[in-house]
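In this document, chain identifiers A, B and C correspond to the written order of the chains, with residue numbering beginning at 1 in each.
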Amino acid sequence: MLSPDLAYNIERMKLEFLNCSDIMYRNCSIGGLDRATLIYVDGMCDVLAVDEFVLQPLFEHFRSSSRVDEEARKVELKDIFIPSLKISMAYETQQVIQAILRGETAVFTEGNAFVLLADLVKMEKRAIEEATSEKVVRGPRDAFMESLRTNTSLLRRRIRSSSLKLECMKLGRLTETEVVIAYMEGVVKEDLVKEVRSRLQKIELDGIIHSSNIEEYIEDNVFSPFPQIQNTERPDVAVSSLLEGKVVIITDNTPFVLILPMTYWSGLQAVDDYTDRYIYATFVRWIRYTFVHISLLLPSLYVALTTYHLQVIPTPLVVSIASAREGVPLPAVIEALIMEFIFEGLREAGIRLPQQVGPAVSIAGALVIGQAVVAAGIISTPMVIIVSLTGIASFAFPVYNLGTAYRMLRFPLLVAAGVLGFYGIVLFLIVLSVHMVTLRPFGVPYMAPYAPMSIRNLSDVLVRAPKSKMRWLLPWLAQGRTARFPKQTK
Amino acid sequence: MYRKMIALFLIAPLLLTGCWDRQELNDQAIVLGWGMDLAEDGQYLATANLVLPLASKSGGQQGGEQGGRSGFMTESAFGKNNRDAEQNMQRKLSRVLFPGHRRNIFIGEKLAQQGVFSILDEYGRSPKVRPRTNIFVVRGGTAQEAMSLAYQLETNPAIAVQKIQEKSGAPISRSLLDFYIMANGNGCGIMPALTILPPEVKTDKKSKNDSPPQTTLGLYGAAIFNSQLKLAGYLNYDEFWVRLWIANQLSARSFTTILSSIDADKPGGSAEDALSGATSGKTVTVNVDTFKSHITPVLDGGLPSFRILLEGKGYIEENDSPLNLSKQENVDKVEARMNQYLKARIEKVVKKVQKEFKTDIFGLGDTIHRRHPYRWKSLSADWETVFPGVELDIRVKLNITGTGITGESLLPTREGGEK
Amino acid sequence: MKISNRQLFWMIIMMEIGINLLITMTATIRSTKQDAWISYILAGIMALVITYIAARLSSRYPKQTLIEFSAAILGKWGGRLIVIPFILQWFWVMSLILRDEYLFIRLNVLYKTPDWIVIGTMIGVVLYTVYHGGLEAIGRVSELWGPILMIILALTFGLTFNNLNWPMLLPVYADTGPATIAGGALAPLSLLSEAVLLMMLFPFTDHPGKETRKALLLAVGFSSVILLFGVLWVLMTFGPAVGGRLQFPFFEMVKLVYLMEFIQNMDIFVMAVWLVCIFVKLSIHMFITSYGVAQWIGKTRSWKKLIWVVAPVTFILTMLVIKLNPPAGLLLKGVWVRYVLPINMIAIPVFLLAVSSFRHKRR
């Protein structure tokens, strides 16, 4: 409870915010008497607005006012801030502290056991910029950013319908991070939203720093190498997922929103698939599927074929591989493991380097791996080709963390190929496919709509059909009605 | 989680003790060809053609220095059969013999004469070996002689003969399989035959960089095996296509015949002219690329006889005769002449097979078996004795579909021309 | 744990094609020569009839497995008694398939790897699948790999097309007789008829009924057609004499693929999908064995615990089979054709169907 005594209130606040150097106090002394005190967080409020809409009216008010009537003063005090959009009154200390930490300006006044809160928050934020982790050739350029409300506005701007719901909740005991659950009412399955809500409520963390904290908490299978929740920084991706009946979670202070549930195939669909002509998009999609599997299989196939099943390689090829490998001291498995290891290391080294140093790493990598190692006869040329092809292929994933899954699975697969040859590869692939079909993020089969199959949804998996042919929602996501739009002649 | 850890611990020893079958590429001696000969004392002499990996690393930076070495080596050993010889060979080799690419098998003439029953089993039994394999008889020589010969166009002579075989118009790379199938059907067999061919005319090497023709391996034709799978004889390069055509397996062949000036006047003329082989006449070459054969057994009492209709489609490749081929009737004349010539040739070869080899390599017995299975039951027992005497009515029907890019020759009209 | 009809379709197809394409051909071709394909047509038709009887029987009890409805038909103890041959068969099948798989692997891929590794890894994978995913995972994996199997088979048939020599199929019928042809049909039939295990799977489909029956018949029919193509292709490639002597003629035929010098050695892909087929078949058997035994002892709920018994038992049985090494032909002809086919696949389903409909009428 606040007391009517201004000095007492301020004292309490100062005690609360001991050693918080960013909390600012501004006294309004008129005629040597402290009549009011403003408390705000430096850097979070709009100083000009506070000057104009709070401070100036306050001074005016105290200068002119003579009445002492409690109730009237309350009304009057509120009235003078009318130009400000959001104004509220608080009677509890905790309430006030929360508001101040949100960036609101608290006005303590002498003789009043309440505080006026002016929501003149203005935080430093960057402008909306181009998406950096998901580039497109043709498509909108804007990307999500750290500010939650900007992000919701990016969605709202695209879906001007009241059925876009943006439920808000606060997560993290200390950080009190705002999280918004966005979904399209009438499209999304209600159970899904309910499930998301309840899983979010179960989170008991001290702080939510990234959206990935949430991701790991609400995922179905944390031990799976495969991502079960998609993340994106592109509003158009989020919007198209919303229209497909998925749920989007926006976390404050994170430019990456979460889309759930994710399916394997949505991890292989790029934005450009939908802006390119559909024949070309289908073609590109198949190239991508091929590369995806190359990125997983190529090194282990090479190892299995050259050390176990030499007879299946065409004769001229086997002769040239044998010649290239002549004098290489390492067994093919070790060779492959070392090279893959080096490649991953190079990638890791290059990824966070300052831009000025980046080329140095790639030059060293290209020189060391591409040339010196082969010239020295330590690694064979075909292996370098295999590893670099695999490396390129592993960047063909439109969704980055699906690529990391395959990149990592390559190593156990290599070992399996090294021990049991092609038999090992097949067994590993069987286990992998069993794992993938048993994943059910939020009740939606991960491999849907291929296994379990829903034939009419394959128009967005095996091919990229023209938009008018992709009328169907995934049956696992749909609430009763599965057609997205009526059938058209064109 | 603990369960997963336990599973990992169970898998770990598997990895540590694993790799039972792992065999590094460079620890294997890749066998491209395999030869078998009969030695004096009844043992077999096996010869292996191995890839020399270092030498095949041509091009690039090092190619030049190693030019001195050839791309293959041969190694040999005695043994009681294929595997025994292979084991004996292994003691001389630092790398494990790997037969997975053993696509060419050479058999010395002496061994072929003694019979191939004793060695042929392994080629169909070993799981590492591909069923698509060529098997050759080396006419007038041993397998080792043939395999030791370097081949200029390819780094490895085994690959060379394989490619030569592929261009011969016979089914590609399946002579071993066909041999098995045939031996099970008719009881006889046929294999392509190789021979060592010295250059037709010896030319001396005048300077270091000259490259006159050298002694090399070439296709001789076909070797014919009788029902004991012993070599019965050969069909040479000018004859072996006859069997392929009748068996419906020929895929390409050019035929050259002579059109004398008499021919130019009236269609027909004497076939002997053409067969005499005189090159002084006017020759025409037809390249035939589509072959078809229809064998009709005629069984009315007594001995069976056959009507064989051979069809072909092709175009004229070369015309050194004065005929003006832009006229259809002249093309018809070529066609008629060609049919006559081919018929004579084929009949000659068929006679040779019937009388000399006495083996039904044309699959005539199979035709009866397929068309008249019940009659075959009584015939099959002594087909071998019946076959040499059966009557064959051979007709050739060539269809010339084109004359190349000119009709009339680009040369000016000469004597006897413009008909 | 529900599977869709389509998943059932793929499961049956994978189960039927894999092993059948590999091991039954030799025996049939050896006895019926170039008429083997007639045997296969006959086997396909017979298998359809057998499947139909079993499916008919199952659709009378759409919510019950074989173990449950046999008890419903014959009473508690009679029902338990009559399914004993099935449970024995399932154990037996698993070890036989694993043995065949091992033989094949040893012959074609891994020459020195010890048997317990090949068997153990496969059982491990199957155990993981059945324990972790149950029937649902098996169904989905079949659905995932089934189309891939079809594509690879289609490619195989297409790419070996130019090796075919159709006169090899002649003369039709003359060299054999009706008895020989019918006898030759027994081997493929005894494996095709394994589809009667649908009596265990039927209640797991999400709408057991007419559609399920259709899917089952379609699957058996489709596999018969593929097998027919397989045997025709083998006959026309190798002829009856060589085809009847090769141990795995279909696989050898694939090795003949040779196009443009570089498209060759398709065998490795065929082997991959073949292994997946083996895996599906094993998983189905592992599942129905554990589930069936659990129901048999009356503890359906704890069927997953029984996997930990079934898997080691299978492993031991397989090792035994490998050590004793009975000839494959004897097992197929002596055991499968003589006992399993007439008893498990024909007599028991027909008997149950008869008793069931008799009781139904009397009521």
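Keep in mind that, in the parts below, a contact is a pair of C-beta atoms (placed from the backbone, for glycine too) under 8 Å apart; a residue touches a chain by one contact, two chains touch by 3 or more.
Because the structure is predicted, anything quoted here is derived from the model rather than measured.
Counting C-beta pairs in contact across B-C and across A-C shows that the higher total falls to A-C. Taking the mean of each chain's C-alpha atoms as its centre, the chain lying closest to the overall protein C-alpha centroid is C.
Each chain gets a centre from the mean of its Cα atoms; the one farthest from the centre of chain A is B. Taking each chain's centre as the average of its CA atoms, chain A and chain B sit 66 Å apart.
Taking each chain's centre as the average of its CA atoms, chain B and chain C sit 43 Å apart.
Centroids built from CA atoms put chain C at 47 Å from chain A. Multi-chain contact residues of chain C (touching two or more other chains): 109-110, 113, 117, 121, 264-265. Counting partner chains per residue, chain A has residues 308, 311, 316, 420-421 touching two or more of them. Of all residues in chain B, those that touch two or more other chains are 14, 18, 21, 130. Interface residues of chain A facing chain C in the complex, by the touch rule stated above, are 305, 308-309, 311-314, 316, 420-427, 429-431, 433-435, 437-438, 445, 447, 450-453. Remark: chain A residues 223, 306-308, 310-311, 315-316, 318-328, 331-333, 415, 418-421 touch chain B in the complex.
Looking at the complex, you find that chain C touches chain A at residues 4, 6-7, 105, 109-110, 113, 117-118, 121-122, 125, 128-129, 132-133, 136-137, 139-141, 143-145, 261-262, 264-265, 267-268, 271-272, 275-276, 279.
Remark: chain B residues 14, 18, 20-21, 127, 130-132, 172-174, 177, 180-181, 184-185, 366, 369-371, 373-374, 376 touch chain C in the complex. Within the complex, the chain C residues that touch chain B are 107-114, 117, 121, 163, 167, 170-171, 174-175, 238-239, 241-242, 252, 255-256, 258, 264-265.
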